[in-house]
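By letter and in written order, the chains are A, B, C and D; residue numbering begins at 1 in each of them.
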Amino acid sequence: MTENPHIDYLLRLGDSTLILGQRLSEWCGHGPVLEEDIALGNIALDLIGQSRLLLSHAGSLMQPAQTEDQLAYFREQFGFRNFTMLELPNSGLEKGQQQRDYAFTICRNFLFSAYMVLLWQALAASLDRQLAAIAEKAVKEARYHLRHSSDWMLRFGDGTEESHRRAQQALNALLPYTHEFFSADAVEQQMADAGIAIAGASLRAAWEEQVRGTLQDATLEWPPQWADSQFRSSGKSGRHSEHFGFLLAEMQSLARAHPEAIW
Amino acid sequence: MTENPHIDYLLRLGDSTLILGQRLSEWCGHGPVLEEDIALGNIALDLIGQSRLLLSHAGSLMQPAQTEDQLAYFREQFGFRNFTMLELPNSGLEKGQQQRDYAFTICRNFLFSAYMVLLWQALAASLDRQLAAIAEKAVKEARYHLRHSSDWMLRFGDGTEESHRRAQQALNALLPYTHEFFSADAVEQQMADAGIAIAGASLRAAWEEQVRGTLQDATLEWPPQWADSQFRSSGKSGRHSEHFGFLLAEMQSLARAHPEAIW
Amino acid sequence: SQQQARFEAALAKEQKIEAQDWMPDAYRKTLVRQISQHAHSEIIGMLPEGNWITRAPSLKRKAILLAKVQDEGGHGLYLYAAAETLGTSREQMLDALHSGRAKYSSIFNYPTLTWADMGAIGWLVDGAAIMNQVPLCRCSYGPYARAMIRICKEESFHQRQGFDIMLSLCKGTPAQKAMAQDALNRWWWPTVMMFGPNDDSSPNSRQSMEWGIKRISNDALRQKFIDATVPQAELLGLSIPDPALKWNEERSHYDFGEIDWSEFMRVLGGDGPCNKERLSTRMKAHEDGTWVREAAMAYAKKHGGK
Amino acid sequence: SQQQARFEAALAKEQKIEAQDWMPDAYRKTLVRQISQHAHSEIIGMLPEGNWITRAPSLKRKAILLAKVQDEGGHGLYLYAAAETLGTSREQMLDALHSGRAKYSSIFNYPTLTWADMGAIGWLVDGAAIMNQVPLCRCSYGPYARAMIRICKEESFHQRQGFDIMLSLCKGTPAQKAMAQDALNRWWWPTVMMFGPNDDSSPNSRQSMEWGIKRISNDALRQKFIDATVPQAELLGLSIPDPALKWNEERSHYDFGEIDWSEFMRVLGGDGPCNKERLSTRMKAHEDGTWVREAAMAYAKKHGGK
């Protein structure tokens, strides 16, 4: 969609936060306990807030300039740059947009927020001053998201037999998608060279340490085949899963039915 | 949407068959046994075939004339005239477009096809010759749909404890929506007076006899509160359930993303 | 009894009754019923609005709606906590909801069919709720009164947001304006019914008045709501679906048409458009969440937490 | 042995082996493996196309796609039945699929991302399948050969429908044309890999040839497919994503580029884009259907049916 790696990079961030925010908001009113309903709403709100800043910034660099809503509601799926993991249904890999599995949802938040804490920390030093400012705000939110999901990973892993089984199953399903956080890629390399971003690969060791530590405390197992897996999702370069089209159809339906409207 | 009761009546038929066809096609590849995957596909195909004839006929009476696809893909939800029951998710009343409950699905097919057999029989004598011809074709298909679903109602009701429980639960959830088949209404009355249709209410006794007979054989219970229930769904006059918007968003997404395209 | 006398003296002096104070059983029971019903309404009320978060037509509206629904969850929390001070646990209250013994506001048994319903609910339903709730800030039971003070502040914020959605729609395309009018048509009468039966057929009201739980009668609140809302509809350029609606110079109030109490009773009795759906959706969420709550308890036990 | 001699004589005379005939264990095992893998491919293959039925852009296309996917289910039925004549039950075959012991065609581990994929699958994937399957109509095992005759007829119908979708897209708006090109870009190489490894690294092929199960080598079929498909792409005005593709006057065939066998092995080994999803979706359908199958059996037992 775009030839500009700077815009592309901002879209990755803006779309990843948007799409996970969208998925989390599907939980609204359906949480396992009221406090969690509220917590997930909070996290979704943070993410959508981050996305608005990032998409607005990306849109301002485009020719012609685009608003956050033009980017959110009127792009086709190949234009989106979120990590594939974040578009997966809340229920896991099988189809079912509105089914909900709390273990899958929490485990995804855990793996993603552990990554984002590291990424936002690094981006706070970006030469793109606007991105640096967003990162400074976002890192605090991401720390809360990580704490929230880590607490639940511990409860699940070290809770009941059932919760342990569910958490391990979710982890096994999700981990292959984390390779995308670290896969080498020209956009990230160029942005790193320009001092605007850093390559995801450089975060891998710290991320793995953080995640493995929590999993160990939670008595959950890191699947040994992870390192050898050749599976590579590619949402960050615009190739998504089959689930994404359904998410977009729903998210964009109203805006697209009234393209002229102001809301 | 339309002021013409003839068109309105045809839309009721065309939309009811379309929307149930759409719901049944969500089962594709997910059936409980291969033979049923194929059977549901067959029924969905019959229904979509009927819908195409009915929508084309309705569209030909409009000013300006509309194609079947304009009617299927570019109407807003209030323009649709299907019975509310048919838009409910395959899983039952809770949200979850792509969850699937076979008891709910079969029970809905049973209640609807028992009605449609009677209705198509009557409409074969319509003064609208085109409608009469469609009815003559459709009644044979509806008889097959009724036989298929009746057979399963028997198996469920008189099968295992679990299947009995599931079938009874589906029946209890669905029966309130059948009042809409019979509720009095100006469109039907005018069409009946014109010899084009008959009022649904006149089919009630025969429908109830048929349905009660099968339920009895299936050792399933007809909930005694049915007759007293004041619940009235109103899809046939364009007021739908909350589920319908999601169904339309998905069904129309591609066509609306490319309004100029021919496929 | 002496306790009874002290209790009545406190009421007479408009002093708050607190959790540790003696109170008549019937007072306690009435409060638990009312507060838990209010809490349940907040929770069930998350569903009709939650239904549109994923389809909100702009990111700003999405964020505002998400925050609003979250506030409703928060109100539920305060209210469950207030009810718990009276000795009933949240689990007991949820049981009562799921088994049908406890009620929630009937308004949430209507479906949200278009985006304009997000506007209409904020403007009308929250508007009516505020009318009902402002007097509760002076309720004789302290924990409830204090919860209501917080809640009312947020509700009036929500009401303004709802009106703002309506305003955008009414200034928008013809399709948007039509959407707004349709929403008003569907929500008007159910909202007017939110104030409950007419005073002469509202048997429990008198006792609640005496106890300082209820402060203003159903009909008085309803009139107040209508008087406040009609000019707002005019501002929006929308017409209220009541041909009998007319300013009565003499009364200095709007006259309005007959309420269809049979519909009210029907929805209250469980036959409304979404009663079964709302309750079964909540029950499913609760059941699906069982393993999560169990895991949290097991973990807390193992690790000596609370 | 005498039986072995009779079996080989039948093969030599191109006579069909039937279910009741003696056959070597290895022949039987090879057939069960191949036929069940083919059956599984039909069933798993319903998923990527089934993914677009609810969003098909016209009612006519919706009906055609639904019918096609249903045909695939039908092919699955014939093939399971053909495999059952060799003494393995459908339940056993499904167990083998769900536990990962049995394979299905790797092509179905790629996602269907746009409507154009419905065209590309019909045109390319079904086209390649026909190349593979037409020789199987002459397979030495009678029940398989006869199933393949029916299947091939329908497949060529599907291939024409797929090409027709591509044609409509290529004659359509620029966005439609781009969609078609993108689908070709994604499906080309996976389709070319459908014919399996190069002949010199295809160890089982020779034995299958001798048994009259396989008739033409992988590379020969692949060349045939490419030769047939290039002019069709030209007709559509689409470019095949292989810079090395060029007509070789001398060979009277198209030369083509190096195949990325590491991708082939990766997807075959379970690390393709949808392997886990496809299998877990099928397993979930099967598990969710358990109570349905049990009910049917219980009913049949009670009522003295089969």
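Simple rule for what comes next: a contact is a pair of C-beta atoms (placed from the backbone, for glycine too) under 8 Å apart; a residue touches a chain by one contact, two chains touch by 3 or more.
The model shown is predicted, which means the values in this text are computed figures rather than measured ones.
Undergrad: Would you pick out the chains that touch chain A and also touch chain C?
TA: Touching chain A as well as chain C, we find B.
Undergrad: CA centre of chain A versus CA centre of chain D: separation in Å?
TA: 36
Undergrad: Could you state the distance in Å from the CA-based centre of chain C to that of chain D?
TA: That gives a centre separation of 58 Å.
Undergrad: So what's the Cα centroid distance for chain A and chain B, whole Å?
TA: Between these chains, centre-to-centre, one finds 40 Å.
Undergrad: At which residue positions does chain A touch at least two other chains?
TA: Residues 30, 95, 245, 249-250, 253 of chain A each touch two or more of the other chains.
Undergrad: Can you list every residue of chain C that touches 2 or more other chains, as numbers and ranges?
TA: 55, 281, 284
Undergrad: Linking chains that touch, what shape results: line, ring, star, complete or other?
TA: Contact pattern: none of line, ring, star or complete.
Undergrad: If two chains touch, include that pair; go through all of them.
TA: Chain-chain contacts present: A-B, A-C, A-D, B-C, B-D.
Undergrad: Under the touch definition given earlier, write down the residues of chain A that touch chain B in their complex.
TA: So the residues of chain A in touch with chain B come to 30, 76, 95-99, 245-246, 248-250, 252-253, 256-257.
Undergrad: Which part of chain A faces chain C closely enough to touch in the complex?
TA: 18, 22, 25-26, 28-38, 41-42, 44-45, 48-49, 51-52, 55, 68-69, 72-73, 100, 102, 154-156, 158-160, 162-163, 166, 250-251, 253-255, 258, 260-263
Undergrad: List the residues on chain B that touch chain C in their complex, please.
TA: Answer in residue numbers: 77-78, 92-95, 173, 176, 229-231, 233, 239-242, 245, 249.
Undergrad: Under the stated contact criterion, what part of chain C meets chain A in this complex?
TA: 43, 46-47, 50, 53-63, 66-67, 69-70, 73-74, 76-77, 80, 115, 165, 168-169, 172-173, 175-176, 281, 284-286, 288-299, 302-303
Undergrad: Please output the residues of chain C touching chain B within their complex, sorted ascending.
TA: 48, 51, 55, 111-114, 182, 266, 269, 271-274, 276-277, 280-281, 284
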